[in-house]
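You will see chain A twice below: alongside chain B first, and alongside chain C after that.
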Partner chain A sequence: MGKIKNNKVVKAIGFNRIVLIGVIILLYIVFTILTPILHSGVTFVSYERIMSALNYAYFIGFMALGVTFVIATGGIDFSVGPVMFASALISGFCLTKYNVPLPLCLLISLLIGLAFGTLNGYFVSYRFLPSFITSMASMQIAKGIGSVFTKTQNVTWPASGSANSWYRYLVKWNNIPTGFILLCLVAVICAVVLNKTKAGRYMLCIGSNKEAVRLSGVNTKKWEMIAYMICGMLAGLAAIFYVGAYTTVQPGLGDTFNNEAIAACVMGGTSMAGGLASILGSIIGAVIVALMQEGILAMGFTISYQYVLTGLIVLAAVTADIMSRKRKN
Partner chain B sequence: MMSEHYDSYYQETDAGRRKAMLDAMEKENTADQMHSLRRELWTLRYVDKKTGRRVDLFLWELVELLCLYNTARLMKGSARRDAKKALEALGASAAAGYGKEGETVLYEELCNALRLYLHTCDSKSYHKRLFGLSELKEEDWQRKVARDIWRLSEGLPKRLGMTEDFAILSKAARDTFCSRFANGEALLQEKEELERGKDKKQ
Partner chain C sequence: MGEVILTMKGIDKSFPGVRALDKVDLEVRKGEVLALMGENGAGKSTLMKVLTGIYTRDAGTITYEGREVTYNNPREAQADGIVIVHQELNMMGHLTVAQNIFIGREFRKGPFIDDAKMNEEAAKLFARLNIDIDPKETMSKLTVGMQQMCEIAKAISHEAKVIIFDEPSAALTDAEIDRLFEIIRSLRKQQMAIVYISHRMDEIKRITDRVSVMRDGAYVGTLITEECTKDDIINMMVGRVIYEDPKTESQVSPGAPVVLKVDHLNAGRMVRDVSFELKKGEILGFAGLMGAGRTETLRAVFGADPKESGDIYLNGNKINIKTPQDAVKAGIGYLSEDRKRYGVVLQKTITENSTLACLDEYVKGIFIDGKKERKITKKYVEALKTKTPGIDQLVMNLSGGNQQKVVVAKWLVNNCDILIFDEPTRGIDVGAKQEIYELMNKLVKEEGKSIIMISSEMTEILRMSDRIVVMCEGRKTGELDIAGVTQEKIMQLATMRD
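Entry: the complex of A and B
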């Protein structure tokens, strides 16, 4: 084990991330073996299955990237899922009912996410409300606004082939998973921001010792708020990829995706105490969550089983993080 | 009388009061060669060159070095460069021209900054864990502070192969921690053994 850990490649990527990549491979093998046994006539190994898992990974990945910024500052955002749904519903409603041009609708989606991020950030950093309470409240607001705006009606974005359907190319174009390329691109930008810029350093240091950062002259309120704003905007971006993959959005939903995004982050190595974050880890975590969802459905189980599994993953990830921190201290 | 002044100068953590003390000390003893270094360190620490605002850049560098510990494993080259910059910002090159006496002055200044750092560890935000949902127990909090001090004094210098460059900061960190916590040595020893155990496993 020591030799593996000290290997240059392993060190460069990080041992934990290698383990997570191993988990992806293992899950893929397990689902490949179990799917035909549990669900006769169905196979797991197919291009469609990979694309379906990736469709799920995109929006979970964008949300996980956003949540990574917030967790890095020592906070939490439980509203990302409903905010994503509210963004998709309102912008979709503008597109289908009011014939607002598509590029403007996509911008509206981002702005709605940003507005919720700003709201969360303001109350957490300037009004000193616990992030847990604030984000729970904005989760309810997002669910409510989405329902009120659409009068509790489903919103269906234009399907492929119809006018205004080019937004779907963001997810898939000529069988090329463009969504994955864009997710990686945004992840690289996030990694650079978090690890190579003053802003990222401020956010990580706020998570490590907020009072010391404040006393050193940094405007901690501003940078903490910016972390929430980034998170909100990425939830708005996740909404675009959600509708790009599934087209139909239901009001009043979205809260189940919070846990998946947070689980992806924590699994990926972002510390729940703040001060330590891994963008690559969050992406790998999102792929694991998506693969599990796809695997469960392929094996013939209902989506409820996935909720159980997600809950178990969150428990396992949180326990592992607490134990590893205890060991480190 | 003079040493009392120095003592209170290094005990005080408020930048304004320290400036006044520094002025008074200079008036009282014009022969002290170290005054210019103290003033240089004061400016280096409290004046933001870009904005001219009063800040505490030493405190910032300490936090940044602690964050650097996490990234240093993966990007050693850039981490080493960042650490060198941080040490320079902490007055290493300013003190280098003053010989042994300069090192002592820098050590005292770093102890002062570290005392302030330990004071910030008493804050509510430092006690938080689990997304801020719960708080650390007293013994876990002490271990967390010990972890930070260990990282500054042992962990980071060893990880970057810069033990000599960190010598003054390491000593200042250990001494300040041990003077604040009665069981400081034991806590650092415990952390050291934990890390040694990990190395053996590897």
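Entry: the complex of A and C
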């Protein structure tokens, strides 16, 4: 065991990330076997199912990337799901009702996310509110604002083939999962920011010991706030991939996705106590969440089972995190 | 001397990779105070934790009142009469004194808690200890010293026969320590057995009957306190002689320029109208009792806490320090008394900690320049003789002394000219202490740094300072040149209340 853990490649990827990849394979096998048994006439192995799971993984993945930054600083963001929906609703409304050019609408989506991130960051960093409370409040605001803007109507983005539908190529182009490529690309950028730049270094250090970092002459407020801003903007980006996959957005929803994004992070090895974060882990976590959702539906269960499972996963992952830290102490 | 009440024999305890206790013997007698001494990491606390069942022992026997015992948790030990009074007080601030003492075993009247009965019983305990504390007072309103008394009362309420004091005096004023010792003496008279863990030599000499010394997890030996000297004990602890000779005259040339001038500083209750000057190449000692406002003063200077009024001059120019950022930019570094909370980022590497104060200089484009960063870290690990397997080691894996060196490195990497050392050797073992002293002397002599050193240890103040500022209750009560200074003089000023 120790030998495996000290292997260079294993070290670079991280032992628990490798375990998680194993979990993905295992889940896939389990679903493949169980689906025809539990849901007669249905098979799990198909190109469509993989694409469907990936569709889910994209937007969860982008949110998870953002949440990783916030958790790295020792905070939490419970608003990403509704913020993503608010972004998708408002920018979609601009596109369909006001004929705002598509590129501008995509930008609006990012900016709405950024605005919520800035709001969260300001109150957490400069007004010293607990991130838990702040993001709960902004979750409510995001849910409400999306509805107010669209007068509680669904917004449906242009379908494939119609005008202004090229945004869907961001998700899938000629049967190529472009969404996955873009997710990986953004993940690489995030990993570089977190591990190779001053911003990432400060955020991780803030998560470990904020006061020591402040007393080292670092503007901790600024860097902490930037983490929330990145998180918000990535929720805005997630919105683009959500509509790219599903086109229709309903107002007043989105909070169930928070937990899935957070579950993806903690599964991937990002510590809820702050200071330790894995971008790769969050992506793998998002894929697991998406695969489970697909599997549960394929086996003929309702999505409610997914909520129960996500809740259990968060409990298990955080317990594992706390136990491993206790052991180290 | 009383009969033996507790014997620990051949106690072994290992943690992964560490032999924490190696065949340790200890004998505690009724009606005596036994000092348990040793450097940090010698195994004192581990031994006490094995005794009270927090850790399970790998081997060895514990005989208590003639029978062999094994406790699975502190509660069982307590029920048997073995109680620890911890250094950190485990008190609930919003509850009353009596409620704290009887927490977990409240007196009841039907389904309700009988506060009247608890107050009565607590009052009886205090009477027995000859302490004047109102059982109905809210705990958080008491001084730390008083709270400690409550802990003792709580211990006694368990019908304790063996009381272990784990560094009880760390947070107490001298007056409170006197009071504590009175109580310990009266407990001794009542035939209780007392184990007293402390680093303070003078206290050991004052209060204890015998001294048992541990080193590196092993039992070294036991001395009769009356028959031994401080040096004897220290020699047993470290296996080498340590000279604690005081400085006799200032090492600073009379014409040295003033690098930092603080003028009429006010910041809250603990910093009232404080002025002082720091000269180039000087070690300026800040002496005083706990709670004199020394830390508060220097934290305000550093911008860690807000100021109300007062001016700060750096090399003759007035500067505005509002946040630690301003101070760090001005070349001031602050080494906190609480390293783990305010000094280092424990879960990060030595490298990451070393460049934390000036990361801007180790950035190439948008990326951190790993090579440059590692180079400077290596340089200071070697220069400061930080003991570590490598610069990628997490700071949490280093000993206290080496963590302190990492903090020093952080400020040196930032090229700070003024360093504020707040209790630089607190919680650091004797050997590492010596190294920190040498380092400080080297910094002022060879590097031209200027140091402000807050210290509650008289020997440290007398040994290191060129000049001494004494504070009491938020005010500066005096300034002394090292030449001709005496402990008495400092103590006089430190207790000069309005």
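Here, the second predicted complex is superposed on the first by the 329 of 329 C-alpha atoms of A that agree within 3 Å, B and C clash if a C-alpha of one lies under 4 Å from a C-alpha of the other, contacts with A are read in each partner's own complex, and residues count from 1 in each chain.
As a working rule, a residue touches a chain if its C-beta (ideal position, glycine included) is under 8 Å from a C-beta of that chain, and two chains touch if they have at least 3 such contacts.
What you are looking at is a predicted structure, and each value in this text was computed from that prediction instead of being measured.
Trainee: With chain A superposed, do chain B and chain C clash or fit?
Mentor: Once chain A is superposed (C-alpha atoms), there is a clash between chain B and chain C.
Trainee: For the overlaid complexes, name the partner, chain B or chain C, with more touching residues on chain A.
Mentor: Touching more residues of chain A than the other partner does is B.
Trainee: In the overlay, answer first, second, both or neither for which of chain B and chain C A:Ile189 touches.
Mentor: A:Ile189 sits against neither chain B nor chain C.
Trainee: I'd like to know which partner A:Met272 touches here: chain B for first, chain C for second, both or neither.
Mentor: After superposing on A, A:Met272 lies in contact with chain B but is clear of chain C.
Trainee: Taking the superposition as given, does A:Ile29 touch the first partner, chain B, the second, chain C, both, or neither?
Mentor: neither
Trainee: Which of the two partners, first being chain B and second being chain C, lies in contact with A:Ile303: first, second, both, or neither?
Mentor: A:Ile303 sits against neither chain B nor chain C.
Trainee: Where does A:Ser216 make contact in the superposed view: on chain B (first), on chain C (second), on both, or on neither?
Mentor: In the superposition, A:Ser216 contacts both chain B and chain C.
Trainee: Touching A:Thr197 in the superposition: chain B (first), chain C (second), both, neither?
Mentor: It touches chain C, and chain B stays clear.
Trainee: May I ask you to decide whether A:Ser208 touches chain B, chain C, both, or neither, giving the answer as first, second, both or neither?
Mentor: both
Trainee: With both complexes superposed on chain A, which partner does A:Gly74 reach: first (chain B), second (chain C), both or neither?
Mentor: first
Trainee: If the two structures are placed on top of each other, which part of chain C overlaps chain B: 26-34, 62-70 or 278-286?
Mentor: Only one listed stretch clashes with chain B, namely 278-286.
Trainee: Output the chain A positions appearing in both contact lists, the one against chain B and the one against chain C.
Mentor: The overlap between the chain B and chain C interfaces on chain A comprises residues 201, 204-205, 208-209, 211-213, 215-218, 275-276.
Trainee: What residues on chain A touch chain C, complex-wise?
Mentor: The touching residues are 192, 196-198, 201-202, 204-205, 208-209, 211-219, 275-276.
Trainee: Quick check: in the complex, which residue numbers of chain B touch chain A?
Mentor: 48, 53-60, 62-64, 66-67, 70-71, 73-74, 116-117, 120-121, 123, 125-126, 128-133, 140, 143-144, 146-148, 191, 194, 201-202
Trainee: Quick check: in the complex, which residue numbers of chain C touch chain A?
Mentor: Listed in rising order, the residues are 302, 304, 323-325, 327-329, 334, 336, 341-348, 352, 356-357, 359-360, 363, 366-368, 410, 414.
Trainee: How about chain A: which of its residues touch chain B in the complex?
Mentor: Interface residues on chain A, with respect to chain B: 1-2, 5-6, 11-12, 14, 71, 74-76, 130-132, 195, 201, 204-205, 208-213, 215-218, 272-276, 318, 322, 325-329.
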